[in-house]
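To start, I am sharing the structure in question, which I have written as structure tokens.
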Amino acid sequence: MSLRPTTATAPGRLAAAPPELRVQDVTVRFAGLTALDTVSFTVAPGSVHALIGPNGAGKSTCFNVLSGLYRPVSGQVRLGDETLTGLAPHRIAALGVARTFQNIVTTEGTVADNLMLGRHVLSRAGFAATALRLPRAVREQRAHLARAREIAELTGLAARFETPVALLSYGDRKRVELARALCLEPRVLLLDEPVAGMNGAERARTAEVIHTVRAELGLSVLLVEHDMGLVMRLADEVTVLDFGRCIAHGTPDEVRRHPEVLRAYLGTPGEETAGEDTTAKSTTAKSTTAQGTALEEVTDSEGDSV
Amino acid sequence: MSERIPKGAVVLLAALLLCAPPFYLDAFWLRIGLFSMAAAIGAVGLGLLTGTAGQLSLGHAFFLAVGAYGYTWLAGEPGPGLPTGLAALLAVRLAGAAGGLFSPVAGRVRGIYLGVATLALVFLGHHVLLTADSVTGGFNGRSVPPLSLGGFSFGDDGGGLVVLGVPFGAEERLWFLGLALLAGTWWTARGLLRGRPGRALAALRDSETAAAVMGVDVARHRASAFVVSSMYAGLAGVLLALAFRRVVPDYFGLALSVDYLAMIVIGGLGSVAGAAAGAVFVTALPLLMTRYADQLPLVTAPGTTEGGVGPTEAARYLYGAAIVLVLLYAPDGLTGITRRVRTRLRPAAPAPAPATRPSASAVRTKEPTP
Amino acid sequence: SSKADGDSGSDSADGVKSGPGVTAKTIKLGALTDLTGPYATLGKSIVQAQQLWADETNAAGGICDRKVEIVVKDHGYDVQKAVTAYADLSPDVVALPQVIGSPVVAALLDDIERDHLLTFPQAWAASLLGKDSVQVMGTTYDVDMITAVDFLTRTKGLAKGDSIGHVYFEGDYGANALEGSTWAAEKAGLKIVPQKIKATDTDLTAQVSALSKAGVKAVLISAGPAQTASLVGVAASRGLKVPVVSSAPGYAPQLLKTPAAPALLGLLNVVSAAPAVSSDLPGVQKMVAAYGKKYPASPVDSGVLSGYNAAQLLGADLKKACAAGSLAREDVVKAHRGQKSVDTGLGSPQDFSDVPRPAALSTYVLKPDAKAVGGLVGVEDAHEAPGVTEYLAGRS
Amino acid sequence: MPGVPPQERPALHVEGLDVTYGRALSALRSVSLTVPHGAVVALLGANGAGKSTLLRAVSGTLRLHRGTVTAGLVRYGDTVLDGRDPVAAVRAGVVQVPEGRRVFAGLTVEENLRTGGLGLGRRAPEQVREARDRVYTLFPVLAERGRQAAGLLSGGEQQMLAIGRALMAAPRLLLLDEPSLGLAPRMVFRIAEVIREINAQGTAVLLVEQNAGMALSLADHAYVLEVGEVRLSGPADDLASTDAVRRLYLGDDAGDQGAA
Amino acid sequence: MTAFLDSILTGLALGAVYALVALGFVVIFKASGVLNFAHGSLLLFGGYLVAVLHDDLGFAGALAVSVLATAALAGALDRLLLQRGDPDPKAAHVQTIVTIGVDIVLLTDLSRRIGGDLLTLGDPWGDSVTRLGSVTVADSRLAAIAVSALAIGAVFALFRYTSWGLSLRAAAEDTEAAALMGVRLSRVRMLAWCLAGALAALAAVFLAAFPAPGLERTTGQIALKAFPAAILGGLTSPPGALAGSLLIGLTEALAAGYQSELHVLGEGFGDVAPYAVMVAVLLVRPTGLFGARGAARV
């Protein structure tokens, strides 16, 4: 199965390499709380850029700025020559920026309905044409449906294509979100915790999908994820936020060893009470194993990064 | 759902059945039928707005009034006296424009707030209908010029037309006009629902944020939903006016708006067939009950004894109870009943599809707005 | 199909031409009434009164050797129900001695005209005049209000330059009344302070405030009984002790059981096309007695009187039409329009020959009385107020 | 199941449970499971395996999803829980932290915590305060955000709130549906610690997790669900070294390390 | 000036009565997401009971019985008819329409009993008035102001400080999560309906008392005026109900008091004025003056 929409089936976007996405000194405040504090980073065309950080660091807020849901008090977001800040969300979507949500936001209706919503900006048919079922509208709809089916297949939703989303389990609904974003034929894909709630095998599969779309469609991906294994495997570059500030920046490897990151995010065991570090490790065997395992996963995955 | 009988045959049969009444039933029944058809058209429009786009409206009576009065004024005297077909078309657009004028409110206000805000339209409309009497005829309303298309009049023209031995008066002729308009409404609305705009509106209903992020222009679509729904209401208004032969302001009150809301819920939100079924239920049932309630036991003829339950009262008791019962046992409306019956009738489907639609509560966390 | 064999009017055995609603044995009349809506009380009174008339008439041999039968349809003040009920009823009746509800009448005007169905609406707005088949009985609201203004200036000492408040319902009842009062006031050099209200307004404090602010010397009210009670009660409690004159529908005997009763007894007068039920006119007394016997539990109010009167007038028309040889609808209307002065003994004589003109010009002035039948007693007998003719001439 | 455990040491027994959604969709088929008193039991399974469904059946919220128990039994100590409403479960000391947090967005953090004890009827204010302080010591962030609307917290903060809220009811058995969902690694440790702490204070835990490494390290015993049926069960350590489990639930790349 | 003060006072007094009705809407909406179309007939039911009972029980006794009975009726209505279906959030739509059906039945029955009568409730205020300086206000309206203030304060406190109120607000946010916390959803809801029923009975008394002539079959229609009041305040907030009601009452009184000045907008514009005010407010604040804005985020 090819990822590239066959030109016969779908009027896609398919420009050349996506433009660079630049976040410049973005600051967001909520009643007394600075959620983002002069944050800057650049997503290089066609790369996977990970945004990590502790809970409440401002990652989702950053996504909300990128997709036009929040207005920053200062700073700018630029996609190539276009300034995204100040544009309405649907305008940004029309520029080829698609996203998923951390807390799943699907619409009622079937998986197909949700994916077809992703095709919204790529289709033209308005109220009149659709109501009157003009041949143009019918043809367009058919082509988009075919493409949505392809994407469902790619994301492992083919068997569920006609199932109402409400009947799906959590993990499947996450997949619907991913597929819906892909349906937009995005140039920039913003993924907010795409594998949360999936088990190991499923994570691997989703990672595979992300890897493939990036490789074959050449789109840029901005990824928020707490699964460090996944981040290590997929990301070309990582930006780390804490309390709304950029605390580190670099390749996954660099970032993983960054002391600030270890302290604030990865959490070396017993860091809160540094002195008890060793005691904590040795008190209960069980506890050590737990931390060990979790940490192991992290360290382990660096090796086979794709 | 019609695996055994081809779909075309079903449609044809339905069409034939619907064409028969004018040859057998008298004016009383035909009028009920006409009112039901008009209501169905209006309800389809409201269903699109409330059921699909999730915007509650209690202002439907206003848009019906715009259609009805718009046609009457445009085709009549005083008024520009346009050809009636053109007047009908313009009246529909006028209703759409009225919906468009309301879009600053419709674009911002949501849910039940919008519902009550639209209530203002009904009262404001009623006020205008009463005060602008040079256009509306004031309290006594205006008589409605009969529609004539290509020289064929949908009014009484002295009993000239006889079809199969049945004299075709206004009701008989309008019946077919109503059918045609209803079919058009049905066809277009289903197209809308299953097409790009329908999906965008449904997305808006479920999550404005998700819709916006997927590229749906929220304000424009909310406004468009209002306009389209108003246009259907306007069309319903035109048909109603033709059926009534006289438009009066008191008809287009709050009760009518509430009736329309009841129609779409009783029929089952979000489907065209549901809206139509609900329209017939809400329109025809009370009329028929009032007519035949005196056949019930314990019901006295109107005004005969003191303190007895008259037919109108009995009909209202029954109608109220019918609403409650239908929704008690079929919370998803009349379409829900048919769906259930259908699944009952086919017990051994290979892949057991879920019998009812899932509860939305499973997925729907609160609407996340930034 | 059942519809293919239409039946049209034909001559029956006795040589009287018949039409819809008339067979060799019966004459069917229709009533589109409100027994369950806002005018249920009125509707019930009229239905019963007309039934009484039908029974009496049939006992006396009927009309044109046919029994009279009244088919009653209740629409509960719902236009759509009324219009369907009309479609159901109209093919089977020869006339409608009762239609209640202004919006209902308005919605049916065209159909009634087309069907030549002689109709007596229970409403007195001048806008209903001018239709051949529709007959308003007695005076219209505007004529009553001219009488009211005249009554005020004559007996309550209002003089040039004074202002009168007029509280009125939206709709043709209120509008028509206001038209009359405004004309009369201008004529008398008075000023009208209008206050429009809705049927759902039952607390008129704000209106009374506005009227006292305007310094009115008297108040006219063309609304419902509840509004009259509130108006008079509030006015009295706030020291606005001015005479109040109400149009006929603004009064009901039940008002004398409300806290406003003392004020009503002291301040209120009612102008009406019909006499008080307690009047000593022999026709009225006879009717009241018969009604009380047949419906001992029902109060005798003005609705009884006007319903009975309408039925009697229609009876007279039918008899006349019969004598002329045809009970076809058109001919009943023709017979009706030929009546220049009918006196049923229940009030002023009526002239039906001039279509755009009220059937009578004389108005009664009444006042509340707790002891009287119907809660009203006469103050002034029916008389034509000065200026009424001039007003009517100016209007047409 | 012979020998009913003494009332003060109740265990959760699920026996031969069948659950269907909307009359047609069978989500669980003769599932049996036991959570002994004071134990941590992990429940693993792919997406859609029926883990949440099982928790719903225990906590009595199936009805809210149009699901029904068509056969089998859920018992906590002597209390039969299937077919009862959620209040019965809370009263019996069984409290669930739902999947996806589900905090009351419009209520403040403090109010959210107060809702935690609602099922227990009237409680003394000191008791409530005590419970709350315990939660605040477990999750100091919540104390800082006491007056903020819960909907505005970040994902991880909400997860803490959801657990804290459940703890307010002083549960004897805590049902946790993917508590690590969306948490930063550090928080995952923290939650794991908290679970251990809670467990150490005598609360049994039934833990549904996708982070199988964490779950297996915490649990004494584990079950693996596959399309509505129990496929595997056994001591957590044994399961962790089972090939199939490692491949499927620990991620294909976790194979060589495991929980050695 | 006096006239202006007079209008203001009249408006406030009227608003206080509306507030009792609007508060009923708010409590019910908050608890069940239902716009209660049967509120008007509940109100009529309460008033009717007082009217038929006050001869035997005295006003206070009749009022007590009526408040309890109306509360019971509202509670039963919720428990037996509305809560029957699936506890699905979408069901609020359906339940709203069920209340239309209930309203039709109740109203038909009460109208049949009341007929064309104007019933007096035997209230102690009669047509007495109090003069405050140059303006006059009916004693019944002063009582209404006091009772609404009390009722609103009480409801506010109930919402905020009791566990019932907390349960109700939690359930309004997320039914399932509330159930998981052990909230007895149906009982919490039913109690809210009972409370609204009791408020409706109280409101009926003041709606039928002095400046109005008594209880009629149409008295319940006043509930329509409380719609914009409740919305204007924000449908989920008890103080909002008060503020909205006062604003509607004031608008109405001023529009009536200055009808001649408003003549340009068409005779009788006063009746439309409250709606115009409501729409204007909603344009600026789409969820009313005190309404909750969505606090969730993505």
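Just so it is clear, A, B, C, D and E label the chains in written order, and each chain counts residues from 1 on its own.
By our rule, contacts are C-beta pairs under 8 Å (C-beta built on N, C-alpha and C of every residue); 3 or more make two chains touch, one makes a residue touch a chain.
Since the structure is predicted, the reported quantities are computational estimates derived from the model, not experimental observations.
Colleague: Common contacts of chain A and chain E?
Modeller: Touching chain A as well as chain E, we find B, D.
Colleague: Trace the shortest chain of touching neighbours from chain A to chain C and give its length in steps.
Modeller: The fewest touching-chain steps linking chain A to chain C number 2.
Colleague: Whole-Å distance, chain D centre to chain E centre, using C-alpha means?
Modeller: Measuring from centre to centre gives 43 Å for this pair.
Colleague: Quick one: chain B and chain E, Cα centre-to-centre, how many Å?
Modeller: Chain centroid spacing, chain B to chain E, equals 30 Å.
Colleague: Could you please state the distance in Å, as a whole number, between where the Cα atoms of chain A are centred and where those of chain D are centred?
Modeller: Taking the average C-alpha coordinate of chain A and of chain D, the gap between them is 28 Å.
Colleague: Residues of chain C touching 2+ other chains?
Modeller: Only 36, 44, 170 qualify.
Colleague: List, in ascending order, every residue of chain D touching at least 2 other chains.
Modeller: 21, 25, 64, 66, 100, 102, 105, 151-152
Colleague: Find every residue in chain A that makes contact with two or more other chains and list them.
Modeller: Touching at least two other chains: 60, 64, 69, 101-105, 167.
Colleague: Over in the complex, which chain A residues touch chain B? Could you list them?
Modeller: Interface residues on chain A, with respect to chain B: 64, 67-70, 88-90, 93-94, 98-99, 101, 103-109, 113, 116-118, 120-121, 123, 125-127, 130-133, 137, 141, 164-167, 173, 180, 184.
Colleague: With touch defined as at the start, can you tell me which chain A residues reach chain D in the complex?
Modeller: Chain A reaches chain D through residues 30, 52-57, 60, 102-104, 167-172, 193, 196-204, 226, 228-229, 264-267, 269, 286-287, 289-294, 296-298, 300-301, 304.
Colleague: Along chain B, where are the residues that touch chain C in the complex?
Modeller: 23-28, 30-32, 35, 130, 138-141, 143, 156, 164-167, 171, 244-246, 248-251, 283, 286-287, 290-291, 301-304, 306, 310-313, 316
Colleague: Give every residue of chain D touching chain E within the complex, in rising order.
Modeller: Spelled out, the residues of chain D in touch with chain E are 59-61, 63-64, 66, 85-87, 89-91, 95-96, 98, 102-107, 111-112, 114-116, 118-120, 122, 149-152, 165-166, 169.
Colleague: Under the touch definition given earlier, write down the residues of chain E that touch chain B in their complex.
Modeller: Touching chain B from chain E are residues 29, 35, 37, 81, 84-91, 93-98, 100-106, 108-109, 112, 173-176, 224, 227-228, 230-231, 235, 266-269, 271-272, 275-276, 278-279, 282-283, 286-288, 291, 293-294, 296-298.
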